[in-house]
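Okay, so chain A shows up in both of these, paired with chain B first and chain C after.
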Partner chain A sequence: MNPSANALQATFGNAIGRVIDARGETIVYVSPAKVRDVLVWLKGTAGQDYNYLVDVTAVEYRDRERPLEVVWNLRSLASRQDLRIKVELDPRGELAVPSVVDLWAGANWLEREVYDMFGVTFTGHPDLRRILMWETYAEGYPLRKDFPLRGRFSRSEQVRQALNVNPEGHYSMEELAIADAYDELPRDMRDRLARGERDKIPNSE
Partner chain B sequence: MSKRTVEISVATPGTDAQGNPLRVPIPASPADVDPELGGEHLLINIGPQHPATHGVLRLVVELEGETVVRVIPHVGYLHSGFEKLGEYRHYNQIVPLTDRTDYLAPMSNNVGVVLAAEKLMGIEITPRCEVLRVIACEMSRIISHMVWLGTTSIDLGAFTPFLWAFQQRERIYNLQEMWTGARLTTSLTRVGGLLADVPDKFVTDLRTFTETFPDTLDEIDRVLTRNAVWVGRTQNIGVLTAEEAINYSLSGPMLRASGVAWDLRKDKPYLGYENYDFDVPVGEHGDVYDRFLVRLEECYQSNKILKQALERLPDGPINVDDPRVILPPKSRAMNDMEAMIYHFKQVMEGVKAPVGEAYAGIENPKGELGNYFVSDGTAKPVRWRIRPPAFINLASISKMAEGHLLSDLIAINASVDIVMGEVDR
Partner chain C sequence: MKHLQTVDGSDSWLTTKAQSLFEWVIKTARLDKAVNLSRANSLWPMPFGTACCAIEFMATAASRFDLARFGMERQAFSPRQSDVLICAGRLPFKLAPVIRRIYDQMPQPKWVISMGACASTGGIFDNYAMVQGIDTVVPVDVYVPGCPPRPEGLLYGILMLHKKIKGEDLFDSSLRDEQLLNDKGLRLPPEQIDEISEPFGNSVHQFRSA
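Let's look at the complex of A and B:
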């Protein structure tokens, strides 16, 4: 058992839920309200020094009654200890946990991926956009259990949308602003961009 | 930044009068730019179809003159949903998916995924299987680093090392073909064992390879390490300090080049790596040049491990003796009732894992490849997560490239050693 689990229970008391020790791995369940404090404490406290974030991910079970879990895999390079922190969220409620990008810069893309695949919002993330799927992807969150393996839309609808993609939609507003290109776009294009219709070409319906 | 002393073997001096490495000066801030020449920032788009992005990576770059102000990477063009597919497959059926993630080191991925499944199921593999898996991992490391060396040298204008590197890679591919029947999609491992034992000629051929391969490394070392162009284009480019490298969760050669001595083979040993004699090269400056040196030295060390593995390769079975996990031989499955039942149950139902979860990280050529399985007691995982080293390493590219020249962005991008199959999964 990782000694940090006992230290967490002593420090945070009721905020720490179950502690599981199996196959040489220690899993600590933390209440969602306290998870950021726990992660800050684990990174910053002498003797803990969990300075390396291995992974951020989420788990949804096939059993619909079980909560969705957000998982942080932490590692202390000095003591070579791994610790897994978990938070349970009700999938019917709001899926939100605090972001840790300010603690570990490596969490940036990992949190974006969890948001992209599971729809979990990381509050305080500087740039929470989809990362593997495109920004206007409308079929939902692919790794959720209610998402069918082949996607929500029919194959013909998916093909139709892919063929109708507007090349201008490949730049975000922020990127167009870099080149001052936004002001030079035709008026109708600007209007559509402003309305967020980045992937549609007029009269394509 | 401490001064580098690298002896240059050609007539061109590698340093200027002040002793700094020769390279095009970078304006420290936009204020230094001649106001007559300065102006609007330029937006350029590199990729997704561009030879220097090493796959379908797209970089939107904001330029001030020729200086990179901001890099906005776009990934996902090769997203295949492997993690979702894994939830609909038996553990052994997941192995072919891993061939296609980091397709420059397929055997190493195969090993990584079954190590996690075996940890979950509590299976102890046989000694011969363990050594053969070490051989598979180190062969993968060599071919992955050879591709990296070759393509990076092309990016920076050196064509010859590419040809040498790919020649050596071809020799390993021949060995992989001999062992598994496939060059790229090896699907080498099975839960509890391997697809097949190595053929008779394999050991002698691999031994010949380990004896002659360092000659090529020496040649690459001679042509690049003290080459003025190479040194000028790689030193002090894309520097990350040790603290930054840890903060960005980098792993593998990227982390070690920044001076962090962390290698899972040494620090969290698996497959009996603690019994092999090898060194972990660690860089000092965390720039592109150090990443090159680290990878080059890792090839020598992998070669050393291969030699030791061949020496100690024990006789014996490659698969565990458990009919619930390993398929019976075909002849028995056809003639013996009990073996046929086991065969049927494995093919139709798969190998069941107990309730629980397991994470197994291995030192892949790109960095720490983690496989995380969550099981609800059935033969298919509830969740299969790949911790993709290339994806996480690539996330630091904006930090590394900002302030450098556009041409240095190509060197920095190459130094990350990405493979888009794994970044996008």
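Let's look at the complex of A and C:
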């Protein structure tokens, strides 16, 4: 058992749910409201020092009654301890957890991937948009259990939508010069660009 | 052919033979045969490698199998100086507009080889992310089966393309028409795309969700 689990229970009390020690790996369930405090504490407290965020991911079980889980795999390089933090969310409710990009910069793309595949919103993320599928992808969140294996649209409609996308529209300003595709970008992306959150678009209005 | 001269400056036996063969070709060949022969034996490939087939393509191009033997000395890596687009690997929907643009950028005459099961049919990837056969996106001349095909397989496909090119009618300009997307933004009628994208083989048993 990772000693951090007991320290968490002592510090956060009933915000900590089940603690599971399975095959030498420690899993701590945390209430969604407190998970950010827990992660801040785990990173910043002397003696804990979980300075490496290995992965952020999510799990949806085939049993629809079970909640959807968001998972943070942490590692302390100093004390060589691994700790897995999980949050349970009701898949019928709003899927939102706080972002930890300001704690671990590497969480940026990991959280975007979870958002892309599961539709979990990370509040406070600086640039939350799809990362694997393109931004105008309209079929939903592919790794959710209610998502059909072959997608929601017919094959001809998928081909039509794919071929009618401007390839430059798939990418962000930093990735490609997308000035040509500006009019085809999703509205929220245009708004972000207009607010100057990214590089300036040449010849933009 | 200076480099083939012997030490004393006279033409070597090989040079004489080559010259007489060249003259024979010029005198006896029909123009379309000569043009098709030149086209077939100087194909410049544009490799569009997306997956493990691309590794096999590299093996085909490397010294042991040596694509250069078939006139493919120069890998184009630019659609504007290439003759044959070789799609080596699966094509996700995200890349469909990219391969379409590359195909449109290639000058005529141009041909397409679909290398491997995934490029030809979607292969094992009968899912939401993958084009079920690149022929729904660009016209294909030769399909090479295999997962991935052995270099011999790809070479056989290239030789089949040679055969196809050698049989083309030089004066049939419709062969060189650009096959652009129609007003619906598709290459084929939607029902035909749905039909050729139908699951077959093991993938008909893949209904796991919804």
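For this structure, a couple of remarks:
Keep this in mind: the second predicted complex is superposed on the first by the 165 of 205 C-alpha atoms of A that agree within 3 Å, B and C clash if a C-alpha of one lies under 4 Å from a C-alpha of the other, contacts with A are read in each partner's own complex, and residues count from 1 in each chain.
As a working rule, a residue touches a chain if its C-beta (ideal position, glycine included) is under 8 Å from a C-beta of that chain, and two chains touch if they have at least 3 such contacts.
Remember, it's a predicted structure, so these values are computed and weren't measured experimentally.
Contacts of A:133 after superposition: both chain B and chain C are touched. Of the two partner chains placed around the shared chain by superposition, chain B and chain C are both touched by A:142.
Of the two partner chains placed by superposition, only chain C is touched by A:155; chain B is not. Between chain B and chain C, B touches the greater number of residues of chain A. Shared-chain residue A:96: touches no atom of chain B or chain C. Residue contacts after overlaying the shared chain place A:1 against neither chain B nor chain C.
Chain A uses residues 133-134, 142, 147, 149 to touch chain B in one structure and chain C in the other. Chain contact summary for the complex, chain A toward chain B: residues 22-23, 25, 27, 51-55, 57, 59-63, 71, 73, 77, 80, 82, 84, 104-110, 113, 117, 130-134, 142-143, 147, 149, 171-172, 174-176, 178-181.
Only residues 40-43, 45, 60, 62, 70, 72, 75-76, 79, 81, 83-85, 88, 119-120, 122, 244, 246-250, 260, 262, 267-268, 356-359, 361, 368, 370, 372, 374, 376, 382-383, 385, 387, 391-392, 394-396, 399, 424-425 of chain B touch chain A when the two sit together in their complex.
Within the complex, the chain C residues that touch chain A are 93-94, 96-98, 100-101, 126-129, 131-132, 136-137, 181, 184-186, 190-191, 193-194, 197, 199, 206-210.
Interface residues of chain A facing chain C in the complex, by the touch rule stated above, are 133-134, 139, 142, 145-151, 154-167, 170.
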